[in-house]
Amino acid sequence: MSELIIKNGYVFDPVQGIKGDKKDICIKDGKIVDKVGSSAKVIDAKDKTVMAGAVEIHAHVAGPKVNLGRIYRPEDKLFSCTPTKGMERMGGGASIPTTFKTGYEYAKMGFAVAMEAAMPPLFSRHVHEEIRDTPIIDEGAFPVFGNNWFVLEYLKNQEIENTAAYCAWLLKVTKGYAIKVVNPGGTEAWGWGLNCLTVNDPVPYFDITPAEIVKGLIEANEYLGLPHSMHIHPNNLGNPGCYETTLDTMKIAQGIKPKNKFGREQVLHLTHTQFHSYGGTNWGDFESKAKEITDFVNKNKNITIDTGNVTLDETTTMTADGPFEHHLTGLNHLKWANCDVELETAAGVVPYIYSPSISVCAIQWAIGLEIALMMKDPMRCYITTDHPNAGPFTRYPRVYKWLMSEKARKAQIDSFKHKDKVLSQTVIGTLDREISLYELAQMTRAGPAKSLGLAAMCGGLKPGMDADVAIYNINPDKPVANPDDIEKAFSRCAAFIKSGVQVVSNGEIVNNGNKRTLWVNVKAKENPQVMRDINEKFVKYYSMTQANYEALGHHFVPNPYAIEVDATN
Amino acid sequence: METVTITMKNAPALYLEADTISPDAFAGKSATQIAELPVFEGNSPSTLGKYFEISGSAGATAADTKIVVRGDVKKVKYIGFKMTAGEVVIEGSTDQYVGAWMKGGKLTAKGDVGAFAATAMKGGELIIEGNAGNYLGAAYRGDWRGMSGGKILVKGNAGSDIGMYMLGGEIVVNGNTDVHVMTHAEGGKTIIKGNAASKIGGQMVEGTIFVFGSIDVMMPGFKPDGEVELEVDGTKAKFARFIGDMGERHKKKKGIIVYGNLYKKI
Amino acid sequence: MTKTITDVICPFCGTLCDDVEVVVSDDGKKLLEVANACVIGTEKFLHSQSADRVTKPRLRQEDGSWKTISYDEAADYTAKLLAKAKKPLMYGWSSTNCEAQSVGNEIAEVAKACCDNTAAVCHGTTLIAVQDIGLPTCTLGEVKNRADRVIFWGCNPAHAHPRHMSRYSIFPRGFFTGKGQMSRKLVVVDPRCTDTAKMADIHLQIEQGRDYELLNALRVALKGEWLPDTVAGIPAEKIREAADILKSGRFGIIFFGMGVTQSLSKNHNIDEAIALTKDLNEYTKYSIMPMRGHYNVTGSGEVFAWQFGFPYSVDLTRGFARYNPGDSSSIDLLCRGEVDAVFTIGSDPGAHFPISAVKAIAKVDSVCIDPHITPTSGVSKLHVPVAFNGVETGGNCYRMDNVPIDCRKVVDPPEGMMTDLDFLTMVCNRLKKLKGVA
C-alpha cells in the first residue's frame, strides 16, 4: 500500500503528549510509521492543525429507530438534500441523515470511528445493513442489555456467571461491541406502560431493581474483561431533579475496579450527562446540577462521561427510553413513534425544537457546556450531542466553538430571551475556561478511544496505530480572530486520511474508503445452562427461531474487525 | 411595475418543472437572462427560453415584477413557487404546486390548478378562478406546520384535504369541496360557500370553518352548540354552531378551553 | 435420498413465517415437500418446480411475438432504456431481497429515475399517516406474550395472513398469556361478515367509508364526551361499550389492512386509528401495526429510507431525493403521462394498478423482471425471468413489524437462470458505463 507523509503541521496527540509541535506524520500500509521513503505522497499541512481521526463514542446513526425517524420525518429532508457528486452518493436529512450522508459528514469533520449507541438485538441485521451502507468510517454497535429478560432473571438470582455467559453469546450473535444499558428496568416496565424512575423501583413481574441490574451488568462486564465498560443511560432522564437518580446510579460503581487487557480504567461510562444533570422540581424552578454531577465524577476516577450538548436546533429525539418519549410527546404534542421489542427493549422517537427563546432549552444548552468546562480530566469527558437527541452531530464544530471561546459563549448567552434566568439557574456565566486544542484532542480522540478499549488502535498518532489523520484549517500559532473560524475549520477538514487512504480533500469526498465493522468476540466458558435457557425462550416466547436470530451472514458484515477477548480465565 | 410575458411555444413531452417562474427569480433580469433560467423536464435540465417566448423585462425587485403566463401550461408545475412579492397571472389552467411555499405577492390563475397549490403558504394572495385540486393550502408531508398566513380564493370547486395542519390565514371556496377540510388544524379559517362532503374539521385543535351549503355526514367529534347570527364574507345569515373535535386535545387560554368552531348555515 | 431444511422463511406475505421446513432432493435441485407453511406459502415454494417456467429473457417483437435473448442482451437493453429515459419509473421491489433493492437504488440514482414500491397501492397511506402523527407499535412477540385485546380493523387475516393468528395474535400461549386465546378478547371491524369476523367477541359491522368517523367516535367516547345516536351505522351505546372493552385490557393491539388504507379517507383512517392508539396509552398499553402484504415491501421501505430518506414514491430526477405521493407516486405518474420508461420487479402492477395506469405502461418502453408470466410481463417490452427469492436464492427481508430475517435458499434455480441481484448488478455496471460514471 502507498506511503504518505503529512508535513509541516502542528500536531496534537495526547497519546504521545504532543502539544502542538511541528511534526511530520508518516503513513505506510494503513498504519502510522516512524518514517517513509522519498517517493511518499506529500500532504502539506503548513499552518494547519493535525490530529488523529476523531472517535464518536455515542450516536444514533444506524438501526430501526433511526430509520423510523427517517421514514416518519419527510420534512427533515425538505429542500436540504445534497445531490450525487462524483463518487459521493446523494444524501439528505438535517437531523437524521441518510447512511451515505452520515458517513460523509463524519469523514468531512475528520471522524474515523462511530459507535451506534443502541442496537436492539432482534434487529441486529438491520443495524448492520445500515452500518455497511455508511461509507468510510469504522463503526460498532452496542446491543442493549438493561431490560433483557435473560439478564433480569439471572441477576434476580444474582447469577453473574450466567449473565456474563449470556452477554458473551449475545455480543457474538449480534456482532456487538459493548454492554449498553438504557433506563434499566424501566423499559421493561414500559411494556405495560409503566416505568422505573429511581434506582430502587422494582420492575413489574421480574421484581428486580435498576440498582441490581446496573451492579450485575458492571460485574458481568468486568468478569468478561470487555474492551469498553458498561455504558449507561440512567433512569429518570430529562426530569427536573433527575440528578439524584444519576448520583445514585454512579454510586453503584464505587469501589469496583476495572479488569481488562485494553487499558480501560473505568467501570461505568455515563452517557449524555447533560440530560441527567437537572435540579429543581418542575419546569419553572428547573436548574443545573452540573456542578454536583461533575464534582462526583471528578472524585470518582473509575467513571467516564460524555456530555450530550444541546445545539439549539430543531432535531429529533430517539432513545430506547420508551417511557421518556411518551412523556415528551405529552409535553410538546409532536408526533410520537414507539416500538417495544419482545424480551429485549423498546424505542421511542419524537421531534423536538430547542428554541433559544425558551428558558428551559437555554438552560439545557448551558448545562451541557458547564459539564465539559467543570470536568477536570479531559481524558474522562467526551464531547457528544447524543445525536440526534440534543442536536445533530454536524453541529459538533459549533459545540467546540462554544467550549473554546468564552466570547462565543457570552454572545450566545446575551442573545437569549431569558438571559437572566439562564444566569441564575446555572453557573455558565462564571466559567471563563476555554478548552485548548490539546484538550479538544483528549475529549474527541484519545479519551473516547481509551474508554472504548481501543487505545492501541485509534485516537492517537503513535507509530503502530491506525493511520486515521485529520488536518484542519486552524493555525494554533495565530490567535483566533473570530470564534466562527473554529466552527468553520472543524466543519470541513482540509484533508482526512482513513486507514492510510486519503478520503477527504478540501472538504470534498475523494474516496469511499473501506469501512470496517468493529465487534467484540468473547471466548467464554461453556455454559450449558444458559444455552438451554436461550433455547427454551426461543421455542416459547420469541417470534423468530433461534437459528434465524443467530443468522448474521457475511453480506451483513462484509468487512468485520473482531476484537478478541479471552474470558475463559 | 414591470411586466414579463412568457408564452408557451414548445410544449414539453412530459411535464415541465418551472420553479423559476416567480417574481423573485425574474427580478433584475432582462428577457434574455430570464430565458436562461433553469427548468427541468424529468431528469433533463433545460432553460425557460427553450419552452417559452419571453418578452418584456423584470422590475428591479420581486415587488416591482409582474409575470403574465400565456399558452397551454397544463403540464407546467411550480409556477409562483416560493414567491415573496410581485404579481403572477396565469391566463389558463396549470398543474401542481402553484404558489407553493409562497410568502407574499399576488398570484392569479384564470383556469384550474392541480394538486398542492399554496403548500405551507405564509402570506400573499392566491386567486383561482377555476377549480383547485387536492391539498390546497395544506402542509408538506409530515410537517405539523401548515399554511400560516395569506388568503386563498377559489371561485370554482376545490378537491380534498384542503387546509391540512392549517395554523393561520384564510381559504375561501365559492363552490364545493371534497372530503377532509382543515384536518389537524390549529388555527386559520376556511369558508365553503357550496357543499362540503364529509370529514369536516377532523382532529381539529383550533380554527374556524364555515359551510354555507350541505354537509353529507358530520364528524361525531363536533358537538352542537346553539345557533348564532353572523356576517361571513359579506353574507349575513343564521348559522348552527358546533365545537370540536371533541376527540382531540385542546388548549386553555386564560383558563378557558379553546375548541375549533364549525358553523353551518341554516 | 432427500434432505430437510429447517428454519426456512416463507417468502410470500408480511407474516414472514420462519418455521417452515422444506424437503429437497439430495442434489438440491428439486423441491419436494413443504411443512408448516399455509396453503399460500406452500404453493409459493411448490410452484417454483413448474415444468413450464420461462427460463430465459424474451424481447417483444414488432409483430407482438416474443424472441428469446440472452441475459447479456437483456442487461444491455435495460441499461440503454434507463440511460435514455427522461423520467423512468422503477417500480415494485416488494418480492425481492434487500441486497437486490440496494443495487436497484444505485441504478435509480445513476439513471435519475423515480423509484417506488408496492406500498403505493397498499400501506403507502399508512406511511403518510405515520408521517403526520407517528406510530406506537411493537414487535409480534410482544403481541404473543402480552396482548389481551386484539383488534382487526379492515383486514381479514384468516384469508390474507393465514398463520398470523396462530403464530402471533390469537392462539399462542406467551409468557404473560398462558391461556392462549382464552387470555384475549377479539374485536373485528369490517362491513362484511368475514371468516375473521366470525371469530370475534365483538364484530362492529361498520358502514362502508365511515371508518374515520367511527374511530373519531371511539376517541370521543374515551373522553366521555357527547356522541350522536349513531356513527357509521353503529349505535352510540355500542361504541361506548367497545371503548370500555378496549380500555379495560392491559395490552391492546390494533391490526389493520386494505379495508382502511385504500378506502375513503385512506391515510386519515390510519391517522385517526393511530391517534386512538395514542389516546388509549393514557389508560393502558396499546400498539398498532399494519398488516403488510408482500413479504419484503417493508424491506423496500427500509432500504429506500436509509439510503434516500423516504420510504416509497421517491423522485430522484433532480439528482437528489424528493417525495410527495400524488406527485411522485407510481399511479399518478403513469396516469398523468409523466414517465417515458417503466422498469418493474418483484411485483405485478399489471394486475393491481388501475387499467389507465396499465395502459400507460404498455405505451412506453419497459422491462419486467419476474419469474412468472403476469399481466405486467404481458404489457412489457422485455421480460426477464429470475430465480425465486427466498426459494432459489436467499437474502434479507423485513417482516410486517420491521423485524429483519435473512431468507434462505432451499433449492437451485433452473439451469442458467440468474438471480435478480446478479442481473441488477450487470445492469448497474452497464448503465454506469453509458453515463460515464465511475
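Lettered A, B and C in written order, each chain numbered from 1.
In this text, a contact is a pair of C-beta atoms (placed from the backbone, for glycine too) under 8 Å apart; a residue touches a chain by one contact, two chains touch by 3 or more.
Here the structure is a predicted model, which means the values were calculated and not measured.
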More C-beta pairs touching across which pair, B-C or A-B? B-C
Farthest from chain A by Cα centre, which chain is it? Let me know. B
Length of the line joining the C-alpha centres of chain B and chain C, rounded to whole Å: 34
Whole-Å gap between the CA centroids of chain A and chain B: 44
Would you please write down the residue numbers of chain C that are in contact with two or more other chains? 131-132, 316, 318-319, 323
Residues within chain B bordering two or more other chains: 140-142, 144
Where does chain A touch two or more other chains at once, residue-wise? 72-74, 76, 335
With touch defined as at the start, can you tell me which chain A residues reach chain C in the complex? 62, 64, 66-68, 70-74, 76-77, 81-84, 86-87, 89-93, 98-100, 122-123, 125-126, 129-130, 133, 149, 191-193, 205, 326, 329, 335-343, 346, 349-350, 540-545, 547-548, 551-553, 555-556
With touch defined as at the start, can you tell me which chain A residues reach chain B in the complex? 72-76, 78, 333-335
Using the touch definition from the top, list the residues of chain C that touch chain B in their complex. 85-87, 111-113, 128, 131-132, 210, 212-213, 216-220, 222-223, 225-228, 231, 264-265, 268, 271-272, 275, 279, 316-319, 323-327, 336-340
Seen from chain B, its contact residues with chain A in the complex are 140-144, 249
For a test of understanding, state which residues of chain B touch chain C in their complex under the given definition. 13-15, 40-44, 77, 96-97, 115-116, 134-135, 140-142, 144, 165, 179-180, 183-184, 198-199, 202-203, 217-221, 223, 245-248
